[in-house]
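Next come two complexes, and both contain chain A; in the first it sits with chain B, in the second with chain C.
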Partner chain A sequence: MNVITCYKIVPDDQDIIVRDDRTLGLEKAELEIGQYDLPAIEAGMQVVADAGGKVSALSVGPKLLENSKLKKGVLSRGPADLYLVVDDSLAEADTHQTARTLAAAIQKIGDADLVLCGEGSSDLYAQQVGPQLGELLGMANINAVSKITVEGDKVIVERTLEDEVEVLEVSLPAVISVTTDIVQPRIPSMKEVLSAGKKPVTQWSLADIGLADNPQTMETINTLAPELAERKQIIIEGDSEEAVNELWENLRQELQ
Partner chain B sequence: MSAIKNVWVFSDKQDILAELCAGARQLGEKVTVLLIGNQSAADEAIKAGADHVYLMGELDDSRMVEDFLPTIEKLVAEHNPDLVMFGNTKRGKLMAGKLAAKRGTSVLADVIEFSEDGTCKRRVYGGAAISTIKSNAEVAIATVGGGVFGPQALDESRQGTTENVDFVATESKVKCVERRAKAGATVNLSAAKRVVAVGRGFADKEDLKMAEELAELIGAEIGCTRPLSEGLDWLPREYYIGVSGVMFKPDLYIALGISGQIQHMVGCNQSQTIIAVNKDKAAPIFKQADYGIVGDLYKVLPMLIEKLKSGK
Partner chain C sequence: MSADKYEVIIIGGGPSGLAAAYKLAQAGVEVVLVERGDYCGSKNLSGGVFYTRVLDQLIPGFWEEAPVERYITNYVTTLMDKEDYFNLDYKGQALSKPPYNAFSVLRAKFDRWLAEKAEDAGVMLVNEIKVEKVLKEGNKVTGIVAGDEEMLADVVIAADGINSFIAQEAGLRGPIKPEHLAVGAKALIELPREKIEDRFRLTGNEGTAYAMLGEASHGVAGGAFLYTNIDSLSIGVVLRLDDLVKSGAKPAEVLDDLLEHPMVAPLVKDGKMVEYGAHLTAEGGLHMVPQQLVADGFIMVGDAAGFTINSGLVIRGMDLAVGSGIAAAEAIIEAKEKNDFSAASLNSYKRRLDESFVMKDLKTYAKAPIFMENDRLYKSYSKLANDIFGKVYNHDLTPKELLLKTALKALKENNLSIFDLARDGFKGVRAL
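Let's turn to the complex of A and B:
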């Protein structure tokens, strides 16, 4: 079983600052593996632990992917090798451009039985790359998967929808987008971190994967922090009975 | 996407479908619904705002909702509407993505506002910011959640047309072998008038019972901050206020033990009134609150519950 898990490098959104003109400052934000992608990597490791085979990690994006700490970060979580498609034009890639780039890379890697994606990226969270990728590759394609069991040449998955759970038989090869509930991602051991540096990394350009022409399908005109509403800001200090009484009077008015 | 004339709507959830029909009325000149169901469901869609309904057939054990996508693809290719809106359920997101890939474009995902100039808005960075985006495609494809347009009254006298279309069969690579109700409570925060939200100020999962009691007394839904649903697993993901595309505009929002990071505040920013309980005077939540108390929620909450019970 050849498993490819896709991931995105994103800024830690806890460190994003809002400037006075409502634009965002990302300079201080540390880069990390998307938090929704970590369970997909771990789910891939579980699949090969049960059914045998190999997990490869794959990411497409700008030059910052080359950061050795980030490369070790993903490899320390289990994958045997890593593939990167690096081009600075991918920094602002829309979901179609990302899916097309991943599809071309997966075709070049070859022989994929199962491609795993997180349920969305933790920065833009469109939840679209997995569904588009599956269609572009012409593979079985399903999202919201919370459990995967390999059975011969297919997988049995549980899909958690808004108010029901489906059990589905999915033929291979397949692209599956998984939820964060599927498995708790590991915290890499020191041994895993040390061995990660020795694992093979293959880096391609867009030309290497035959994708020199990959135009934008969507424009982002601007990204601004929302304007905050004016608030009364009547703040009472202390948790004495008197203070709570005052809060209660305010609450009581609101409840009428 | 420039001027929007023809808007098409699909959703596997009846309530979202009705909202999108009403919203599509405000956006475009002609509203067309892609429907899985029977004539009476089509009549409902017309009352909600549809001018035309394509009846694609009904669900049965052999057909998943997703199996109707080839029929949708064919109709879209034949008629080239300006905008196709999918309700942003899990199924809606998958189907929108597959359709977009087929047509060589992206999806305008979880749109929270459409403008007349063809641009639209969506939340990014966990809600810390809003991007204004625009599709370059001839047929723009979007996912839109319940609450964006809000529920509208049905117009019983509205007239529309219904057309039966042939189901386009394809070999499905995904087969449903079992379907069961999801365990645990479902929550519909986007429709809630009152919300009691809990944060890291609670030391133990057991203590959330106090918040639940308060919520029950005032008829509120429970919501939480990200760490409680994603780090601690105290509450399911559906309770988490921030990242999803669901709009959230309650009349009253009570924040208990929530510091008020921007990612969370954006989720509740549209609340009419915000009340905050937090022991840290410097917590950012107080800058965004109408009423607040700087105190220990373990003292404040039992007193408030007592007062609610006694009514004094």
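Let's turn to the complex of A and C:
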């Protein structure tokens, strides 16, 4: 079984600053592997642990993907090799561009039985790339999967819905987007980090995967933090009856 | 459990560990460097003034590519009273020319760069792993333990900083004495670079470093520092632990008061505090360097070996760290040729240190910590200097007296004798 897990490099959201004009400051934010993509990588490792085969990791994006720490970060979590498509035009890629690039790379890698994605990217969280990728590759395509069991040339997947768990049989090859509760991602050990440095990394340009022409289909006008609600700044101290009444009165007036 | 084996494992990715790693990898030695931080430099508070000549030996022309802030051309020593101050201001043009004497650095950037250089040279870098102990066979160090993993090496280098429990565990260092430790409280204040250049009279990438004594530390043994980065200022206080406990002062309050002092306030005005924190630093100089710096299969470098100098005017650590890292690497390269990693063989490290500026400077300044144990330095002399100059310049229509008489009076008012002054002066000149 050849598994390809896709991941995105994103800024650490804890260190993103919201400026006064509501724009986002990313200068202080370290780059990291998308938090929703780590479970997909681990799920891939579980699949090959059960059914045999190999996990390859794949990412597309600007030059920052080449950072050795980020490359080791992915490979120390288990994948046998890594494929990168690097082009600075992908820095602000929309979901379609990303899906097209991933699809072209997956076709070039060849022989994929199972492609895994996270449920969405942890920066934009459009939840679009997985489904578009399945469509572009012409593979069976399903999202919100919380369990994968391999059975011969099929996989049995579970989707946790509001009141029930949907169990589906999916023929391979397939593109599956997994939820974060599918499996707890590992914390790499010292030896996994050391061996990661020795694993093969293949890097392609857009031309290498035959995608020299990959235009943006959407234009981002702006990315702004939500407007902050004005706080009343009323502080009532103590637990006396008057204080409770005052609190109640304030709440009542607000809700009227 | 089978354990992998490497030639050298280095614990800690600061300047000492990285310098050793870089030098070893360049010589084709197989090196693993284990750093507990998310990246090298991530555990670091702000930065420091780095006397970089030794780094130029390791990486010639490093400043062309390294994320250094400003080359320090201006050195100011401040004797601070509660509201008054007395500055000794030095600017040297030679300090503004390559290979440069010292740079201000922000370590989160700088260490990270050095780690990338080391990786490019072939060092295998492992982040986010905490080494818990060393593996031993008798007295011989054979590897490290992290979590449930073991890893073996011909030589383990302890580069894990001032609190090096690895050195303690290897049996080479006891607990550090409180008088050899100081608490540093530090803030990083952002200011536009033009403002910094105006306020500190700097041209281009020139930089200033202040050493402040007296009221700057609330009279607690230690002092304060301020230096310029490209678009921020690093300011902090260093308070000797034993005296700090005795005085009951709180480091954060001492730093807050310093920021409001009439000398400092206009320099930091309108700045935005972006980092604030505290850290333990070493003050002991040669006195805290252990007798033995090596064991079978083991070497300690940098702060872990106690290589720091605080002369009152200059605080040094990073240069000694890099110097010791290079010496350790050279000793290991020689030991590898003989295939003998015993303490006796690795002890060429000690000889290399003795021959280098590291030990020579530590010996030169050996008396500084004892000299600086003197209370008068922190509590009396800054006030004395300010009293004397106050009287010289203040024309309040009372008859003036000659400088000598003014000085003697000021001494008396500060409960000092001319003998104290002479003795401390003599000691100071000898120790510094």
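The rule is short, and it goes like this: the second predicted complex is superposed on the first by the 233 of 256 C-alpha atoms of A that agree within 3 Å, B and C clash if a C-alpha of one lies under 4 Å from a C-alpha of the other, contacts with A are read in each partner's own complex, and residues count from 1 in each chain.
Convention: contacts are C-beta pairs under 8 Å (C-beta built on N, C-alpha and C of every residue); 3 or more make two chains touch, one makes a residue touch a chain.
All figures in this text were calculated on a predicted structure; none of them were measured in a lab.
Colleague: Is it chain B or chain C that touches the larger share of residues in chain A?
Modeller: The partner making contact with more of chain A's residues is B.
Colleague: Could you say whether A:174 touches chain B, chain C, both of them, or neither, answering first, second, both or neither?
Modeller: The answer is first: A:174 touches chain B but not chain C.
Colleague: Touch test for A:69: chain B only (first), chain C only (second), both, or neither?
Modeller: Touch partner of A:69: chain C, not chain B.
Colleague: Contacts for A:191 in the overlay, against chain B (first) and chain C (second): which applies, first, second, both or neither?
Modeller: In the superposition, A:191 touches chain C alone.
Colleague: Does the superposition put A:142 against chain B (first), chain C (second), both, or neither?
Modeller: first
Colleague: Can you list the residues of chain A that meet both chain B and chain C?
Modeller: Common to the two interfaces on chain A: nothing.
Colleague: Could you list, by residue number, the parts of chain C that touch chain A in their complex?
Modeller: Result: residues 4, 32, 34, 38-39, 116, 119, 124-129, 146-147, 149, 151 of chain C touch chain A.
Colleague: Under the touch definition given earlier, write down the residues of chain A that touch chain C in their complex.
Modeller: Against chain C, the touching part of chain A is residues 30, 68-69, 187-191, 193-194, 197.
Colleague: Spell out the residues on chain A that touch chain B in their complex, using ranges where they run on.
Modeller: Listed in rising order, the residues are 13-14, 16, 18, 24, 35, 94-97, 99, 122-128, 130-136, 139-144, 156, 159-171, 174, 180-181, 216-226, 228-229, 231-239, 241, 243-248, 250-251, 254-255.
Colleague: Please output the residues of chain B touching chain A within their complex, sorted ascending.
Modeller: 13, 89-91, 93-98, 100-102, 104-110, 119, 122, 124-126, 128-137, 173-182, 186, 218, 230, 237, 243, 251-252, 254, 261-263, 265-266, 269-270, 273-275, 277, 279, 281, 286-296, 299-300, 303-304, 307
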